[in-house]
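Right after this note come the structures.
Across the two complexes that follow, chain A remains constant while its partner is chain B and subsequently chain C.
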Partner chain A sequence: MKLFSGRRAFVLQRLSALVLLAYFTAGALRLALGPPVTYVQWQTWSAQPLAAAALLVLVAALLGHVWVGIRDVVLDYVHSPGLRLAVLGAAAAGLAFLASWTVLILVAHVNSA
Partner chain B sequence: MRFRVFRFDPDGHARPVMQDFDVRLEASDRMVLDALVRLKEQDDSITFRRSCREGVCGSDAMNINGRNALACITPLEGIKQPVTLAPLPGFPVIRDLVVDMTQFFAHYHSIKPYVVNDEPPPERERLQSPEEREKLNGLYECILCAACSSFCPPYWWNPDKFIGPAGLLQAQRFIADSRDRATAERLEFLDDVFKLYRCRTIMNCTEVCPKGLSPARAIEHIKIALLRDSA
Partner chain C sequence: MQRTHRPTFLNLARIRFPVGAVASIGHRISGIVLVCALPFVFYALERSLRSEAAFGAMIELMRSPAGRAALVLLAWASAHHLFAGIRHLLMDVGVGASLGAARTSAYATLGVAVAVAAATALLA
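Here is the complex of A and B:
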(Lines of atoms letter the chains of each structure in order from A and count residues from 1; the text may use other names and numbers.)
(Lines give C-alpha, C1' and ligand atoms only; values in the text may rest on other atoms or scores of the structure.)
Protein backbone atom coordinates (compact mmCIF):
# COMPACT_ATOMS: atom_id res chain seq x y z
CA MET A 1 0.00 0.00 0.00
CA LYS A 2 1.36 3.42 -0.96
CA LEU A 3 2.24 5.96 1.73
CA PHE A 4 -0.24 8.50 0.34
CA SER A 5 -2.73 5.97 -0.98
CA GLY A 6 -5.75 7.36 0.84
CA ARG A 7 -7.08 3.83 1.17
CA ARG A 8 -5.79 3.45 4.72
CA ALA A 9 -7.49 6.66 5.85
CA PHE A 10 -10.68 5.64 4.03
CA VAL A 11 -10.75 2.34 5.90
CA LEU A 12 -9.83 3.93 9.24
CA GLN A 13 -12.59 6.51 8.89
CA ARG A 14 -15.25 3.89 8.22
CA LEU A 15 -14.09 1.39 10.83
CA SER A 16 -13.82 4.08 13.51
CA ALA A 17 -17.27 5.35 12.54
CA LEU A 18 -18.66 1.84 13.09
CA VAL A 19 -16.97 1.60 16.51
CA LEU A 20 -18.30 5.04 17.51
CA LEU A 21 -21.78 4.15 16.29
CA ALA A 22 -21.76 0.95 18.35
CA TYR A 23 -20.51 2.70 21.50
CA PHE A 24 -22.85 5.69 21.27
CA THR A 25 -25.84 3.47 20.49
CA ALA A 26 -25.05 1.25 23.48
CA GLY A 27 -24.52 4.31 25.71
CA ALA A 28 -27.73 5.96 24.56
CA LEU A 29 -29.71 2.76 25.08
CA ARG A 30 -28.22 2.33 28.56
CA LEU A 31 -29.10 5.90 29.51
CA ALA A 32 -32.58 5.68 28.02
CA LEU A 33 -33.60 2.25 29.26
CA GLY A 34 -31.50 1.54 32.36
CA PRO A 35 -31.68 3.05 35.85
CA PRO A 36 -29.84 6.38 36.41
CA VAL A 37 -26.06 6.07 36.87
CA THR A 38 -24.48 7.86 39.82
CA TYR A 39 -20.95 9.27 39.76
CA VAL A 40 -19.76 6.60 42.20
CA GLN A 41 -21.20 3.83 40.02
CA TRP A 42 -19.51 5.30 36.94
CA GLN A 43 -16.19 5.55 38.84
CA THR A 44 -16.44 1.96 40.01
CA TRP A 45 -17.38 0.64 36.57
CA SER A 46 -14.71 2.54 34.67
CA ALA A 47 -11.97 1.43 37.11
CA GLN A 48 -12.39 -2.18 36.02
CA PRO A 49 -9.63 -3.19 33.58
CA LEU A 50 -12.08 -4.41 30.92
CA ALA A 51 -14.16 -1.24 31.12
CA ALA A 52 -11.02 0.91 30.95
CA ALA A 53 -9.88 -1.05 27.90
CA ALA A 54 -13.29 -0.49 26.31
CA LEU A 55 -13.02 3.25 27.00
CA LEU A 56 -9.55 3.24 25.49
CA VAL A 57 -10.93 1.65 22.31
CA LEU A 58 -13.63 4.35 22.23
CA VAL A 59 -11.10 7.17 22.57
CA ALA A 60 -8.79 5.55 19.99
CA ALA A 61 -11.67 5.32 17.51
CA LEU A 62 -12.66 8.91 18.24
CA LEU A 63 -9.13 10.25 17.79
CA GLY A 64 -8.61 8.19 14.63
CA HIS A 65 -11.84 9.54 13.20
CA VAL A 66 -10.88 13.09 14.14
CA TRP A 67 -7.44 12.65 12.53
CA VAL A 68 -8.91 11.61 9.18
CA GLY A 69 -11.37 14.50 9.32
CA ILE A 70 -8.71 17.10 10.13
CA ARG A 71 -6.38 15.63 7.52
CA ASP A 72 -9.07 15.83 4.85
CA VAL A 73 -9.87 19.45 5.66
CA VAL A 74 -6.16 20.36 5.58
CA LEU A 75 -5.59 18.53 2.27
CA ASP A 76 -8.58 20.34 0.78
CA TYR A 77 -7.89 23.86 1.98
CA VAL A 78 -4.19 24.23 2.81
CA HIS A 79 -2.29 24.20 -0.46
CA SER A 80 1.18 25.36 0.56
CA PRO A 81 3.21 22.15 1.21
CA GLY A 82 5.14 23.69 4.11
CA LEU A 83 2.06 25.09 5.84
CA ARG A 84 0.18 21.86 5.20
CA LEU A 85 2.97 19.85 6.84
CA ALA A 86 3.03 22.24 9.79
CA VAL A 87 -0.74 22.11 10.34
CA LEU A 88 -0.84 18.32 9.97
CA GLY A 89 2.11 18.01 12.34
CA ALA A 90 0.43 20.22 14.92
CA ALA A 91 -2.82 18.25 14.62
CA ALA A 92 -0.99 14.92 14.92
CA ALA A 93 0.94 16.17 17.97
CA GLY A 94 -2.28 17.42 19.61
CA LEU A 95 -4.07 14.13 19.03
CA ALA A 96 -1.06 12.12 20.22
CA PHE A 97 -1.00 14.24 23.38
CA LEU A 98 -4.71 13.58 23.96
CA ALA A 99 -4.20 9.84 23.39
CA SER A 100 -1.27 9.73 25.83
CA TRP A 101 -3.17 11.75 28.41
CA THR A 102 -6.14 9.38 28.13
CA VAL A 103 -3.91 6.35 28.67
CA LEU A 104 -2.30 7.96 31.74
CA ILE A 105 -5.70 8.84 33.23
CA LEU A 106 -7.11 5.37 32.65
CA VAL A 107 -4.03 3.59 34.00
CA ALA A 108 -4.01 5.78 37.12
CA HIS A 109 -7.74 5.26 37.56
CA VAL A 110 -7.49 1.44 37.29
CA ASN A 111 -4.49 1.37 39.66
CA SER A 112 -6.28 3.52 42.25
CA ALA A 113 -9.23 1.13 42.44
CA MET B 1 -37.44 37.04 -21.99
CA ARG B 2 -34.93 38.53 -19.57
CA PHE B 3 -31.40 37.13 -19.32
CA ARG B 4 -28.47 38.04 -17.11
CA VAL B 5 -25.26 36.87 -18.69
CA PHE B 6 -21.70 36.66 -17.35
CA ARG B 7 -19.45 38.78 -19.55
CA PHE B 8 -15.68 38.73 -19.59
CA ASP B 9 -13.46 40.12 -22.29
CA PRO B 10 -9.84 39.01 -21.79
CA ASP B 11 -8.63 41.79 -24.10
CA GLY B 12 -10.56 44.46 -22.23
CA HIS B 13 -8.62 43.86 -19.00
CA ALA B 14 -11.79 44.72 -17.09
CA ARG B 15 -13.38 42.76 -14.30
CA PRO B 16 -16.17 40.35 -15.30
CA VAL B 17 -19.69 41.77 -15.15
CA MET B 18 -23.23 40.42 -15.33
CA GLN B 19 -25.04 42.03 -18.26
CA ASP B 20 -28.83 42.14 -18.63
CA PHE B 21 -30.53 41.44 -21.92
CA ASP B 22 -34.08 41.33 -23.19
CA VAL B 23 -34.24 38.63 -25.83
CA ARG B 24 -37.02 38.51 -28.43
CA LEU B 25 -37.87 34.83 -28.87
CA GLU B 26 -39.58 33.15 -31.79
CA ALA B 27 -42.27 30.51 -31.36
CA SER B 28 -39.81 27.81 -32.39
CA ASP B 29 -37.36 28.69 -29.59
CA ARG B 30 -37.68 25.96 -26.99
CA MET B 31 -34.35 25.69 -25.19
CA VAL B 32 -31.91 28.03 -23.50
CA LEU B 33 -29.50 27.48 -26.39
CA ASP B 34 -32.15 28.79 -28.81
CA ALA B 35 -32.36 31.95 -26.72
CA LEU B 36 -28.57 32.27 -26.69
CA VAL B 37 -28.50 32.04 -30.47
CA ARG B 38 -31.14 34.82 -30.60
CA LEU B 39 -29.06 36.79 -28.13
CA LYS B 40 -26.04 36.48 -30.38
CA GLU B 41 -28.11 37.95 -33.22
CA GLN B 42 -28.65 40.99 -30.99
CA ASP B 43 -25.09 41.19 -29.66
CA ASP B 44 -22.59 39.22 -31.70
CA SER B 45 -19.81 39.79 -29.16
CA ILE B 46 -21.35 37.27 -26.76
CA THR B 47 -19.34 34.06 -26.79
CA PHE B 48 -20.39 30.49 -26.02
CA ARG B 49 -19.71 26.97 -27.26
CA ARG B 50 -22.33 24.84 -28.94
CA SER B 51 -22.36 22.13 -31.52
CA CYS B 52 -24.91 19.31 -31.76
CA ARG B 53 -27.73 21.25 -30.04
CA GLU B 54 -29.32 18.01 -28.86
CA GLY B 55 -27.47 16.98 -25.68
CA VAL B 56 -24.93 14.70 -27.28
CA CYS B 57 -21.73 16.70 -27.71
CA GLY B 58 -21.62 18.38 -24.31
CA SER B 59 -20.23 21.63 -25.71
CA ASP B 60 -22.76 24.00 -24.21
CA ALA B 61 -22.50 23.01 -20.56
CA MET B 62 -22.89 26.12 -18.44
CA ASN B 63 -24.34 27.32 -15.19
CA ILE B 64 -28.02 28.15 -15.69
CA ASN B 65 -29.77 29.80 -12.76
CA GLY B 66 -27.13 28.47 -10.39
CA ARG B 67 -27.12 24.91 -11.64
CA ASN B 68 -24.89 23.27 -14.23
CA ALA B 69 -26.76 22.04 -17.28
CA LEU B 70 -26.63 21.77 -21.05
CA ALA B 71 -28.20 24.85 -22.61
CA CYS B 72 -29.50 22.81 -25.55
CA ILE B 73 -31.70 20.54 -23.44
CA THR B 74 -32.77 23.04 -20.76
CA PRO B 75 -36.33 24.12 -21.64
CA LEU B 76 -37.24 27.81 -21.60
CA GLU B 77 -40.78 26.99 -20.53
CA GLY B 78 -41.28 27.77 -16.86
CA ILE B 79 -37.68 28.87 -16.31
CA LYS B 80 -37.11 31.50 -13.62
CA GLN B 81 -36.35 35.00 -14.95
CA PRO B 82 -34.01 36.68 -15.35
CA VAL B 83 -32.27 33.56 -16.60
CA THR B 84 -28.77 33.81 -15.17
CA LEU B 85 -26.11 32.30 -17.41
CA ALA B 86 -22.57 31.86 -16.13
CA PRO B 87 -19.57 29.80 -17.21
CA LEU B 88 -18.90 26.45 -15.54
CA PRO B 89 -17.84 27.21 -11.93
CA GLY B 90 -14.27 26.50 -10.93
CA PHE B 91 -12.91 26.50 -14.47
CA PRO B 92 -10.74 29.33 -15.81
CA VAL B 93 -12.83 31.59 -18.04
CA ILE B 94 -11.52 32.27 -21.53
CA ARG B 95 -14.31 34.60 -22.59
CA ASP B 96 -17.95 35.06 -21.53
CA LEU B 97 -19.40 31.53 -21.21
CA VAL B 98 -16.37 29.72 -22.63
CA VAL B 99 -14.06 28.01 -20.14
CA ASP B 100 -10.62 26.49 -20.42
CA MET B 101 -11.00 22.70 -20.23
CA THR B 102 -7.31 21.83 -20.57
CA GLN B 103 -7.01 20.57 -16.99
CA PHE B 104 -10.25 18.63 -17.27
CA PHE B 105 -9.08 16.76 -20.37
CA ALA B 106 -5.61 16.23 -18.90
CA HIS B 107 -7.29 14.35 -16.03
CA TYR B 108 -9.39 12.44 -18.54
CA HIS B 109 -6.32 11.37 -20.51
CA SER B 110 -4.50 10.40 -17.30
CA ILE B 111 -6.92 7.53 -16.65
CA LYS B 112 -6.11 5.96 -20.05
CA PRO B 113 -9.60 6.16 -21.53
CA TYR B 114 -9.25 3.17 -23.82
CA VAL B 115 -9.27 -0.62 -23.50
CA VAL B 116 -5.79 -1.93 -22.71
CA ASN B 117 -5.38 -5.50 -23.90
CA ASP B 118 -2.10 -6.85 -25.22
CA GLU B 119 -3.46 -10.32 -25.92
CA PRO B 120 -3.54 -11.29 -29.61
CA PRO B 121 -6.77 -9.97 -31.10
CA PRO B 122 -9.33 -12.59 -32.10
CA GLU B 123 -10.30 -13.03 -35.73
CA ARG B 124 -13.34 -10.77 -35.51
CA GLU B 125 -13.75 -8.95 -32.19
CA ARG B 126 -13.33 -9.25 -28.42
CA LEU B 127 -16.69 -10.59 -27.36
CA GLN B 128 -18.56 -9.84 -24.15
CA SER B 129 -21.42 -11.71 -22.54
CA PRO B 130 -24.65 -9.73 -22.06
CA GLU B 131 -23.85 -9.61 -18.32
CA GLU B 132 -20.39 -8.18 -18.95
CA ARG B 133 -21.82 -5.61 -21.37
CA GLU B 134 -24.49 -4.69 -18.83
CA LYS B 135 -21.78 -3.50 -16.42
CA LEU B 136 -20.90 -0.67 -18.80
CA ASN B 137 -24.38 0.81 -18.70
CA GLY B 138 -24.45 4.05 -16.74
CA LEU B 139 -20.77 4.58 -17.53
CA TYR B 140 -20.19 4.66 -21.28
CA GLU B 141 -22.88 7.31 -21.87
CA CYS B 142 -20.75 10.13 -20.41
CA ILE B 143 -20.34 12.95 -22.95
CA LEU B 144 -17.54 14.76 -21.04
CA CYS B 145 -19.49 18.00 -20.75
CA ALA B 146 -17.82 18.66 -17.35
CA ALA B 147 -21.10 19.66 -15.71
CA CYS B 148 -20.29 17.22 -12.89
CA SER B 149 -16.64 18.10 -12.28
CA SER B 150 -17.34 21.82 -12.34
CA PHE B 151 -20.11 21.40 -9.74
CA CYS B 152 -17.89 19.34 -7.43
CA PRO B 153 -16.48 21.26 -4.42
CA PRO B 154 -13.43 18.94 -3.98
CA TYR B 155 -12.62 19.61 -7.65
CA TRP B 156 -12.72 23.37 -6.95
CA TRP B 157 -10.34 22.86 -4.02
CA ASN B 158 -7.77 20.68 -5.84
CA PRO B 159 -8.43 20.95 -9.58
CA ASP B 160 -4.83 20.09 -10.43
CA LYS B 161 -4.72 16.90 -8.34
CA PHE B 162 -8.23 15.48 -7.94
CA ILE B 163 -9.29 13.68 -11.13
CA GLY B 164 -12.88 14.69 -10.55
CA PRO B 165 -16.17 12.88 -11.09
CA ALA B 166 -16.08 12.82 -14.90
CA GLY B 167 -12.57 11.36 -15.07
CA LEU B 168 -13.31 8.85 -12.32
CA LEU B 169 -16.55 7.74 -13.98
CA GLN B 170 -14.53 7.14 -17.14
CA ALA B 171 -11.92 5.26 -15.10
CA GLN B 172 -14.62 2.96 -13.74
CA ARG B 173 -15.95 2.50 -17.29
CA PHE B 174 -12.64 0.81 -18.21
CA ILE B 175 -12.17 -0.97 -14.87
CA ALA B 176 -15.59 -2.54 -15.41
CA ASP B 177 -14.83 -3.53 -19.00
CA SER B 178 -14.29 -7.30 -19.24
CA ARG B 179 -12.05 -6.81 -22.30
CA ASP B 180 -9.58 -4.62 -20.41
CA ARG B 181 -6.50 -6.26 -18.90
CA ALA B 182 -5.07 -3.29 -17.02
CA THR B 183 -7.35 -3.24 -13.98
CA ALA B 184 -4.47 -3.68 -11.51
CA GLU B 185 -2.51 -0.82 -13.09
CA ARG B 186 -5.60 1.37 -13.19
CA LEU B 187 -6.31 0.75 -9.49
CA GLU B 188 -2.66 1.34 -8.61
CA PHE B 189 -2.81 4.69 -10.41
CA LEU B 190 -6.05 5.75 -8.73
CA ASP B 191 -4.95 4.68 -5.24
CA ASP B 192 -3.90 8.18 -4.30
CA VAL B 193 -4.99 10.54 -1.57
CA PHE B 194 -5.65 13.28 -4.13
CA LYS B 195 -6.60 11.55 -7.39
CA LEU B 196 -9.50 9.54 -5.95
CA TYR B 197 -9.94 10.08 -2.24
CA ARG B 198 -10.77 13.80 -2.35
CA CYS B 199 -14.33 12.71 -3.19
CA ARG B 200 -16.61 13.48 -0.22
CA THR B 201 -19.70 11.85 -1.70
CA ILE B 202 -21.34 15.27 -1.85
CA MET B 203 -23.14 13.92 -4.93
CA ASN B 204 -23.46 17.23 -6.77
CA CYS B 205 -22.07 15.30 -9.74
CA THR B 206 -24.98 12.87 -9.75
CA GLU B 207 -27.42 15.71 -9.11
CA VAL B 208 -26.43 17.72 -12.20
CA CYS B 209 -25.38 15.09 -14.74
CA PRO B 210 -27.45 15.93 -17.84
CA LYS B 211 -27.30 12.30 -18.95
CA GLY B 212 -28.67 10.99 -15.65
CA LEU B 213 -25.46 9.16 -14.75
CA SER B 214 -24.03 8.71 -11.26
CA PRO B 215 -20.32 9.49 -11.03
CA ALA B 216 -20.65 9.21 -7.22
CA ARG B 217 -21.67 5.58 -7.57
CA ALA B 218 -18.83 4.93 -10.02
CA ILE B 219 -16.37 6.40 -7.50
CA GLU B 220 -17.76 4.15 -4.77
CA HIS B 221 -17.26 1.16 -7.07
CA ILE B 222 -13.61 2.14 -7.56
CA LYS B 223 -13.14 2.42 -3.79
CA ILE B 224 -14.73 -0.99 -3.30
CA ALA B 225 -12.48 -2.45 -6.01
CA LEU B 226 -9.47 -0.99 -4.19
CA LEU B 227 -10.62 -2.53 -0.91
CA ARG B 228 -11.06 -5.92 -2.59
CA ASP B 229 -7.66 -5.50 -4.19
CA SER B 230 -6.02 -4.99 -0.78
CA ALA B 231 -7.91 -7.85 0.90
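Here is the complex of A and C:
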Protein backbone atom coordinates (compact mmCIF):
# COMPACT_ATOMS: atom_id res chain seq x y z
CA MET A 1 0.00 0.00 0.00
CA LYS A 2 2.62 2.53 -1.11
CA LEU A 3 -0.20 4.82 -2.14
CA PHE A 4 -1.33 5.49 1.41
CA SER A 5 1.89 5.36 3.41
CA GLY A 6 4.97 7.49 4.00
CA ARG A 7 4.80 11.11 2.90
CA ARG A 8 1.56 10.56 0.98
CA ALA A 9 -0.12 9.38 4.19
CA PHE A 10 1.19 12.46 6.00
CA VAL A 11 -0.23 14.75 3.30
CA LEU A 12 -3.50 12.78 3.03
CA GLN A 13 -3.99 12.99 6.80
CA ARG A 14 -3.58 16.76 6.88
CA LEU A 15 -5.54 17.59 3.71
CA SER A 16 -8.45 15.36 4.77
CA ALA A 17 -8.28 16.98 8.22
CA LEU A 18 -8.86 20.41 6.61
CA VAL A 19 -11.76 19.07 4.52
CA LEU A 20 -13.33 17.48 7.60
CA LEU A 21 -12.83 20.70 9.57
CA ALA A 22 -14.80 22.64 6.93
CA TYR A 23 -17.69 20.11 6.86
CA PHE A 24 -17.72 19.77 10.62
CA THR A 25 -17.89 23.53 11.14
CA ALA A 26 -20.72 23.91 8.62
CA GLY A 27 -22.66 20.97 10.08
CA ALA A 28 -22.20 22.07 13.69
CA LEU A 29 -23.30 25.65 12.88
CA ARG A 30 -26.42 24.37 11.10
CA LEU A 31 -27.35 22.04 13.99
CA ALA A 32 -26.58 24.61 16.69
CA LEU A 33 -28.17 27.71 15.12
CA GLY A 34 -30.94 26.40 12.86
CA PRO A 35 -34.19 24.59 13.68
CA PRO A 36 -34.05 20.78 14.05
CA VAL A 37 -33.65 18.97 10.73
CA THR A 38 -36.81 17.14 9.65
CA TYR A 39 -36.90 13.93 7.64
CA VAL A 40 -38.39 15.71 4.60
CA GLN A 41 -35.68 18.43 4.62
CA TRP A 42 -32.86 15.90 4.95
CA GLN A 43 -34.39 13.57 2.38
CA THR A 44 -34.97 16.24 -0.30
CA TRP A 45 -31.66 18.04 0.30
CA SER A 46 -29.53 14.89 0.07
CA ALA A 47 -31.34 13.67 -3.07
CA GLN A 48 -29.94 16.58 -5.10
CA PRO A 49 -26.95 15.35 -7.13
CA LEU A 50 -24.68 18.18 -5.91
CA ALA A 51 -25.56 17.54 -2.26
CA ALA A 52 -25.02 13.79 -2.67
CA ALA A 53 -21.66 14.51 -4.32
CA ALA A 54 -20.72 16.78 -1.40
CA LEU A 55 -21.63 13.95 0.99
CA LEU A 56 -19.43 11.56 -1.00
CA VAL A 57 -16.50 14.01 -0.76
CA LEU A 58 -17.09 14.10 3.01
CA VAL A 59 -17.13 10.30 3.25
CA ALA A 60 -13.99 10.01 1.09
CA ALA A 61 -12.12 12.51 3.30
CA LEU A 62 -13.40 10.78 6.45
CA LEU A 63 -12.43 7.26 5.37
CA GLY A 64 -9.03 8.39 4.05
CA HIS A 65 -8.35 10.16 7.35
CA VAL A 66 -9.50 7.10 9.31
CA TRP A 67 -7.23 4.84 7.27
CA VAL A 68 -4.10 6.88 8.08
CA GLY A 69 -5.12 7.04 11.75
CA ILE A 70 -5.73 3.29 12.06
CA ARG A 71 -2.47 2.65 10.25
CA ASP A 72 -0.50 4.91 12.61
CA VAL A 73 -1.98 3.27 15.69
CA VAL A 74 -1.46 -0.28 14.38
CA LEU A 75 2.17 0.42 13.40
CA ASP A 76 2.80 1.78 16.91
CA TYR A 77 1.26 -1.06 18.92
CA VAL A 78 1.12 -4.21 16.74
CA HIS A 79 4.62 -5.48 16.13
CA SER A 80 4.21 -9.00 14.79
CA PRO A 81 4.26 -8.75 10.97
CA GLY A 82 1.53 -11.35 10.43
CA LEU A 83 -0.88 -9.85 12.94
CA ARG A 84 -0.13 -6.36 11.62
CA LEU A 85 -1.00 -7.45 8.08
CA ALA A 86 -4.18 -9.13 9.32
CA VAL A 87 -5.36 -6.07 11.30
CA LEU A 88 -4.52 -3.61 8.50
CA GLY A 89 -6.18 -5.91 5.96
CA ALA A 90 -9.34 -6.14 8.06
CA ALA A 91 -9.38 -2.35 8.52
CA ALA A 92 -8.91 -1.73 4.79
CA ALA A 93 -11.69 -4.21 3.97
CA GLY A 94 -14.02 -2.59 6.52
CA LEU A 95 -13.36 0.92 5.17
CA ALA A 96 -13.78 -0.26 1.57
CA PHE A 97 -17.10 -1.83 2.57
CA LEU A 98 -18.32 1.41 4.19
CA ALA A 99 -17.21 3.41 1.12
CA SER A 100 -19.02 1.19 -1.38
CA TRP A 101 -22.09 0.93 0.86
CA THR A 102 -22.33 4.73 1.03
CA VAL A 103 -22.00 5.05 -2.76
CA LEU A 104 -24.83 2.51 -3.21
CA ILE A 105 -27.08 4.25 -0.66
CA LEU A 106 -26.57 7.71 -2.13
CA VAL A 107 -26.84 6.66 -5.79
CA ALA A 108 -30.09 4.79 -5.05
CA HIS A 109 -31.33 7.80 -3.10
CA VAL A 110 -30.59 10.31 -5.88
CA ASN A 111 -32.16 8.01 -8.49
CA SER A 112 -35.30 7.51 -6.42
CA ALA A 113 -35.94 11.26 -6.26
CA MET B 1 29.36 0.32 43.76
CA GLN B 2 26.97 -2.42 44.68
CA ARG B 3 24.32 -3.08 42.10
CA THR B 4 20.96 -3.43 43.67
CA HIS B 5 18.46 -5.88 42.29
CA ARG B 6 15.48 -4.19 43.71
CA PRO B 7 12.74 -3.93 41.15
CA THR B 8 11.89 -0.58 39.62
CA PHE B 9 8.21 0.20 39.48
CA LEU B 10 6.85 2.56 36.92
CA ASN B 11 3.53 3.31 38.54
CA LEU B 12 1.53 4.98 35.77
CA ALA B 13 -0.86 6.42 38.34
CA ARG B 14 2.00 8.28 40.03
CA ILE B 15 3.89 9.55 36.99
CA ARG B 16 2.89 13.12 36.30
CA PHE B 17 2.43 13.58 32.60
CA PRO B 18 2.98 17.05 31.15
CA VAL B 19 -0.31 18.56 29.96
CA GLY B 20 0.83 18.41 26.33
CA ALA B 21 1.22 14.64 26.65
CA VAL B 22 -2.32 14.33 28.05
CA ALA B 23 -3.76 16.38 25.18
CA SER B 24 -1.76 14.30 22.71
CA ILE B 25 -2.76 10.86 24.02
CA GLY B 26 -6.31 12.19 24.23
CA HIS B 27 -6.12 12.92 20.50
CA ARG B 28 -5.23 9.28 19.88
CA ILE B 29 -7.82 7.86 22.30
CA SER B 30 -10.58 10.08 20.89
CA GLY B 31 -9.58 8.98 17.38
CA ILE B 32 -9.94 5.32 18.39
CA VAL B 33 -13.34 6.07 19.98
CA LEU B 34 -14.49 7.76 16.75
CA VAL B 35 -13.30 4.81 14.64
CA CYS B 36 -15.30 2.45 16.89
CA ALA B 37 -18.38 4.65 16.31
CA LEU B 38 -17.94 4.55 12.53
CA PRO B 39 -20.18 1.51 11.77
CA PHE B 40 -23.00 3.07 13.83
CA VAL B 41 -22.63 6.41 12.06
CA PHE B 42 -22.94 4.78 8.64
CA TYR B 43 -25.84 2.66 9.86
CA ALA B 44 -27.54 5.85 11.06
CA LEU B 45 -26.97 7.41 7.62
CA GLU B 46 -28.65 4.41 5.96
CA ARG B 47 -31.60 4.45 8.39
CA SER B 48 -32.06 8.22 8.09
CA LEU B 49 -32.65 7.95 4.33
CA ARG B 50 -34.63 4.70 4.37
CA SER B 51 -38.03 6.01 5.49
CA GLU B 52 -39.62 8.57 7.76
CA ALA B 53 -40.32 5.82 10.33
CA ALA B 54 -36.69 4.66 10.31
CA PHE B 55 -35.54 8.30 10.61
CA GLY B 56 -37.85 8.79 13.60
CA ALA B 57 -36.71 5.54 15.22
CA MET B 58 -33.09 6.74 14.91
CA ILE B 59 -33.94 10.03 16.64
CA GLU B 60 -35.80 8.08 19.37
CA LEU B 61 -32.74 5.86 19.86
CA MET B 62 -30.51 8.94 20.25
CA ARG B 63 -32.86 10.29 22.92
CA SER B 64 -32.83 7.08 24.98
CA PRO B 65 -30.50 7.06 28.02
CA ALA B 66 -27.95 4.83 26.26
CA GLY B 67 -28.19 6.94 23.11
CA ARG B 68 -27.61 10.15 25.05
CA ALA B 69 -24.61 8.65 26.85
CA ALA B 70 -23.19 7.64 23.46
CA LEU B 71 -23.83 11.15 22.11
CA VAL B 72 -21.99 12.73 25.05
CA LEU B 73 -19.01 10.40 24.55
CA LEU B 74 -18.97 11.13 20.81
CA ALA B 75 -19.29 14.87 21.46
CA TRP B 76 -16.24 14.73 23.73
CA ALA B 77 -14.27 12.59 21.28
CA SER B 78 -15.18 14.79 18.29
CA ALA B 79 -14.38 18.03 20.10
CA HIS B 80 -11.11 16.77 21.57
CA HIS B 81 -9.99 15.24 18.27
CA LEU B 82 -10.95 18.41 16.38
CA PHE B 83 -9.25 20.92 18.68
CA ALA B 84 -6.17 18.78 19.36
CA GLY B 85 -5.92 18.28 15.59
CA ILE B 86 -6.14 22.02 14.88
CA ARG B 87 -3.49 22.52 17.57
CA HIS B 88 -1.17 20.01 15.86
CA LEU B 89 -1.79 21.55 12.42
CA LEU B 90 -0.94 25.03 13.74
CA MET B 91 2.22 23.66 15.34
CA ASP B 92 3.16 22.05 11.99
CA VAL B 93 3.33 25.56 10.53
CA GLY B 94 5.09 26.94 13.60
CA VAL B 95 2.18 28.67 15.33
CA GLY B 96 2.08 28.24 19.11
CA ALA B 97 4.99 25.83 19.16
CA SER B 98 6.82 27.53 22.06
CA LEU B 99 6.58 25.71 25.39
CA GLY B 100 4.39 28.30 27.09
CA ALA B 101 1.94 28.64 24.20
CA ALA B 102 1.81 24.86 23.72
CA ARG B 103 0.94 24.32 27.39
CA THR B 104 -1.78 26.97 27.24
CA SER B 105 -3.35 25.48 24.09
CA ALA B 106 -3.15 21.98 25.60
CA TYR B 107 -5.14 23.15 28.65
CA ALA B 108 -7.59 24.94 26.34
CA THR B 109 -8.08 21.78 24.23
CA LEU B 110 -8.78 19.61 27.29
CA GLY B 111 -11.13 22.19 28.79
CA VAL B 112 -13.11 22.99 25.64
CA ALA B 113 -13.63 19.29 24.85
CA VAL B 114 -15.04 18.65 28.34
CA ALA B 115 -17.21 21.78 28.02
CA VAL B 116 -18.62 20.54 24.69
CA ALA B 117 -19.41 17.16 26.28
CA ALA B 118 -21.12 18.91 29.22
CA ALA B 119 -23.14 21.14 26.88
CA THR B 120 -24.23 18.06 24.93
CA ALA B 121 -25.31 16.34 28.15
CA LEU B 122 -27.39 19.39 29.09
CA LEU B 123 -28.91 20.17 25.69
CA ALA B 124 -29.19 16.83 23.86
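Here, the second predicted complex is superposed on the first by the 107 of 113 C-alpha atoms of A that agree within 3 Å, B and C clash if a C-alpha of one lies under 4 Å from a C-alpha of the other, contacts with A are read in each partner's own complex, and residues count from 1 in each chain.
We adopt the following convention: a residue touches a chain if its C-beta (ideal position, glycine included) is under 8 Å from a C-beta of that chain, and two chains touch if they have at least 3 such contacts.
What you are looking at is a predicted structure, and each value in this text was computed from that prediction instead of being measured.
Trainee: Going by the contact rule set out at the top, does A:T102 touch chain B (first), chain C (second), both, or neither?
Mentor: second
Trainee: Mind working out whether A:V11 is in touch with chain B, chain C, both or neither, as first, second, both or neither?
Mentor: Touch partner of A:V11: chain B, not chain C.
Trainee: Once the structures are superposed on A, label A:L21 by its partner contacts, choosing first (chain B), second (chain C), both or neither.
Mentor: A:L21 contacts chain C only, not chain B.
Trainee: Touching A:V66 in the superposition: chain B (first), chain C (second), both, neither?
Mentor: A:V66: touches chain C, not chain B.
Trainee: For the overlaid complexes, name the partner, chain B or chain C, with more touching residues on chain A.
Mentor: Comparing touch counts on chain A for chain B and chain C gives C.
Trainee: Kindly classify A:Y39 by the partners it touches after superposition: chain B alone (first), chain C alone (second), both, or neither?
Mentor: A:Y39: touches chain C, not chain B.
Trainee: According to the stated criteria, A:L75 is in contact with first (chain B), second (chain C), both, or neither; which is it?
Mentor: The first partner, chain B, only.
Trainee: For the complex, which residues does chain A have touching chain C?
Mentor: 14, 17-18, 21, 24, 39-40, 42-43, 46, 66, 69-70, 73, 94, 98, 101-102, 105, 109
Trainee: List the residues on chain A that touch chain B in their complex, please.
Mentor: 1-2, 4-7, 9-11, 72, 75-77, 79
Trainee: With touch defined as at the start, can you tell me which chain B residues reach chain A in the complex?
Mentor: 154, 157-158, 191-194, 196-198, 200, 223, 226-227, 230
Trainee: Touching residues of chain C toward chain A in the complex: what are they?
Mentor: Within the complex, chain C touches chain A at residues 28, 31-32, 34-35, 38-39, 42, 45-46, 48-49, 52, 55-56, 78, 82, 85-86, 89, 92.
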